[in-house]
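Same chain, two partners: chain A is paired with chain B first, then with chain C.
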Partner chain A sequence: MRVLLDDVILRRGSFQIAASGTFSEGVHLVTGRVGSGKSTLALALAGALPPAAGQIVEDGIMSRTLALPFPGYHVTGETLEEEVASWGQMTAPVLDAAGLTGRGGEDVLRCSQGELKRLVLSCMLAREWDLLILDEPYCSLDCAWKVAFSGRLGERRTGITVIFTHEDEILPRVDEIWEIQDGRLVPLGRVPEAIPRWSRPPRYIRTALDAGALPENITPGDVRDALCRTRG
Partner chain B sequence: MQDPRLTLLSTVALSLAAFASAWGALLALAWWLLATPRRLPLHRWRSVLVLFILVGATAVLVAFSGGNGLSYLFRISTVLLIASWAYGERRGGELMDMGTWALGNRTGFEMGLIAEMAVQSLEGLDRDLAMLRLALQLKTGGRITLRSLVPALGLLVRKELDRSRDLGDILAVRGYRQGGSLCPRFTRGPWDGAKAVLAVGIAVLVLLI
Partner chain C sequence: MIGITGLSHRVLEIPDLLLPAGRVAVIGPNGGGKTTLLRLLAGIDLPIAGEILIDGHPPRSREVGWVGEQPEREILFHRVSDEIASPLRFRHDPCPLVDERVKVVAGELGIGGLLGRETRDLSAGEKAMVSLGAALAARPDILVLDETDSNLDQESDGAMEGVIRGISCPHVLQATQRMELAARADHVLFLERGRVLHAGSPSAVFAALSGTPFLPPSRWCR
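Take a look at the complex of A and B:
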């Protein structure tokens, strides 16, 4: 199972981004500044934006989805229960996972943005996808829920998961890191070797690297462990 | 056309001419062919199709009620083509520039600000609807029903209300009460004046004959 970006050029108006590389099974993190082209690339991977040049070749991808930054786009149920059912999932476990236990009969319009985000992400993560693309999955989430979803994202063992984010505080355990630099998607490689190659890592990782510590992965826990080892 | 004042003037003149008669529509179409880059909004073919169906249905009604349906279809399609060209020509901030230029720093500034905010909302809505269509396509595989659209559209309305409230808060926090100060600046392409004169000429000719 893989997605190959073969000298792909994507254009939206006057904006352009180039991408080459292969997304294989595992969890991939794609980072870049705000406006660097993460969402453009996410749309292209989801098949919603045809490349202006090059091609995107999929191998073994039978199911896919894209989580958009605004969760309301995905909602088709009038109540939380109906929404979970619209994803073909069991109500109780998904509502529990979203921190919305016992609120199944509630109108989706009464939910806050953060609650909707938790609901939609929980629905998506409740099933296996060959290709799961998450565009800014952490926006609208508070710190505790960022940690919770990071844990669940890092646990994904099947399929290809691609996370597009500029999150700076909490990141999940990933297999590979990619960075968008000057209009080009740059594969930094597998973790942990990729971490020192990261030109704009989150502050907590930069602190560890500056202290001479190389974390095994990119979660705050991994960074803490690496710093503890370095300091003895 | 670079000068938004001349774009607006040409749009009004050509729309009047096209609406007034089939000859006016033909001349307006000729102006569009001569004076614009002749870009059809084909990337929005769904919206174009919906508009065309609506205009076509009205044309059929006009024909059945004894009017000239074909002429109506041609005239309104030309008006929409000119409107689509004018919409594509717009640049951020030009409505405030035009409002202030025409009606001054108080009323003009306010009208320009409201117009800019309205256009921003329309553009936001356009993006929202595109994303909504994509999300539903991915989720339902294209089986979109009216019932499944209602919650998402409700959330979009709420999002738009939240955006308006936030914008109002920002203006209030920045001390906005009424009017403002703006020095509008306009650039003009080498043929802008001639194109506008031609558009006004077409309108005068059609309306006088």
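Take a look at the complex of A and C:
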């Protein structure tokens, strides 16, 4: 199972981004500045934006989904239980996973942004996907839920998971890191070797690297262990 | 000083609270009442019960700057320069003063290059910066930011924080999930289930939050 980006050029208006590389099974993190093209690339990987040049070649991808940054764009049901049902899922376990137990009859648009994000992510993560693309999955989540979803994302062992984010305090365990630099998607390689190659890592990882600590992975726990070990 | 007494509104129950002037970070779990409180402080909503006074005046009598989490829902105009100019034009400021103020604000935010762009073509983070520009254009008495930073990267976030530190606005209320940012505020308010569980200096509040996910990375190894 893989997705190959073969000299791909993506254009939206005057904006352009180039991408080459292979997303294989595992959890991938794609970072880059706001406006660098993360969402454009996410759309292209989801098949919603055809390349202006080059090609995207899929191998063994039978199912895919894309989580949009603003969860309200996903809503099709009037109540929480209707929304869960629209994803073909059982209400109770999904609401439990989203921390919304017993609220199935409530109007979905009366949820806070964070609650809505938890609902949509929990619906998506209730089943397996060959290709799961998450565009800014941490936006609107509080710190406790960022930790909770990081745990779930980092545990994914099947399929290709691609996380596009500028989150800089809480990230999941990942297999590979990619970075958008100067209009081009750059593969930094597998973790942990990729971590020091990161040109603009999240601040907590920069702090660890500056202190001479190389974490085993990029979760706050990994980085905290490495940093506190270095500081004795 | 912001004074809150006998406040009861939706999930919020705040019997008595004083917030000093300066930058106040409002933190806590989703659904805890952060947005509800900020909307009251901005005068967007009126409390069902209780009173809020900003330097002795109700919020609706103050000049308020507001930026929400989804600026694209709040942006009114097609051109960036028109959006930033909007609060000044709404109060009929003279055109030369408006044009000058728009340039100054855009320069302070580092978005001078966006002034001629269409707002719909901007990224989410750029839209947030434009909305901040519109909020600051009228020199507000109180600036309210509702998790606006969730769509900003660390450079934009740093630029926004730098601008906010430099402005003369007496009250800045900022809901955030970035604990490092909250740790640099003058005052921190931790809301959960509509109640103020902790309020005080960043040191005092984060000492109380030790062992929770709400601890900023700079305090991990203490």
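Throughout what follows, the second predicted complex is superposed on the first by the 230 of 232 C-alpha atoms of A that agree within 3 Å, B and C clash if a C-alpha of one lies under 4 Å from a C-alpha of the other, contacts with A are read in each partner's own complex, and residues count from 1 in each chain.
The rule is simple: a contact is a pair of C-beta atoms (placed from the backbone, for glycine too) under 8 Å apart; a residue touches a chain by one contact, two chains touch by 3 or more.
Because the structure is predicted, anything quoted here is derived from the model rather than measured.
> Put the two structures on top of each other at chain A: do chain B and chain C fit, or clash?
The answer is clash.
> Looking at the overlay, what does A:78 touch: chain B (first), chain C (second), both, or neither?
A:78 sits against chain B, while chain C stays out of touch.
> Which holds for A:86: it touches chain B only (first), chain C only (second), both, or neither?
Only chain B is touched by A:86; chain C is not.
> A:109 in the overlay: touching chain B, chain C, both, or neither? Say first, second, both or neither.
In the superposition, A:109 touches chain B alone.
> Could you tell me if A:70 is touching chain B, chain C, both of them or neither one (first, second, both, neither)?
Touch status of A:70: both partners.
> Contact-wise, after the overlay, does A:46 reach chain B, chain C, both or neither (first, second, both, neither)?
A:46: touches chain B, not chain C.
> Which partner, chain B or chain C, touches the larger number of chain A residues?
Of chain B and chain C, the partner in contact with more residues of chain A is C.
> Once both complexes are aligned on A, which of 20-28, 74-82, 164-172 or 182-190 in chain C overlaps with chain B?
The stretch that clashes with chain B is 74-82.
> Indicate the residue numbers of chain A shared between its chain B interface and its chain C interface, in ascending order.
Chain A residues touching both partners: 70.
> Can you tell me which positions in chain C touch chain A when the two form their complex?
Contact set of chain C toward chain A: 28-32, 35, 69-70, 121-126, 147, 150-156, 177-180, 212-214, 216-218, 220-221.
> Can you list the chain A residues touching chain B in their complex?
43, 46, 48, 64-66, 68, 70, 72-78, 83, 86-87, 108-109, 116
> Across the complex, what residues on chain A touch chain C?
Residues 13, 33-35, 39, 69-70, 112-115, 117-118, 136, 138-147, 166, 168-170, 200, 202-204, 207, 220, 223-224, 227-228, 231.
> Flag every residue of chain B that touches chain A in the complex, lowest number first.
128, 131-132, 134-140, 148-152, 154-156, 158-159
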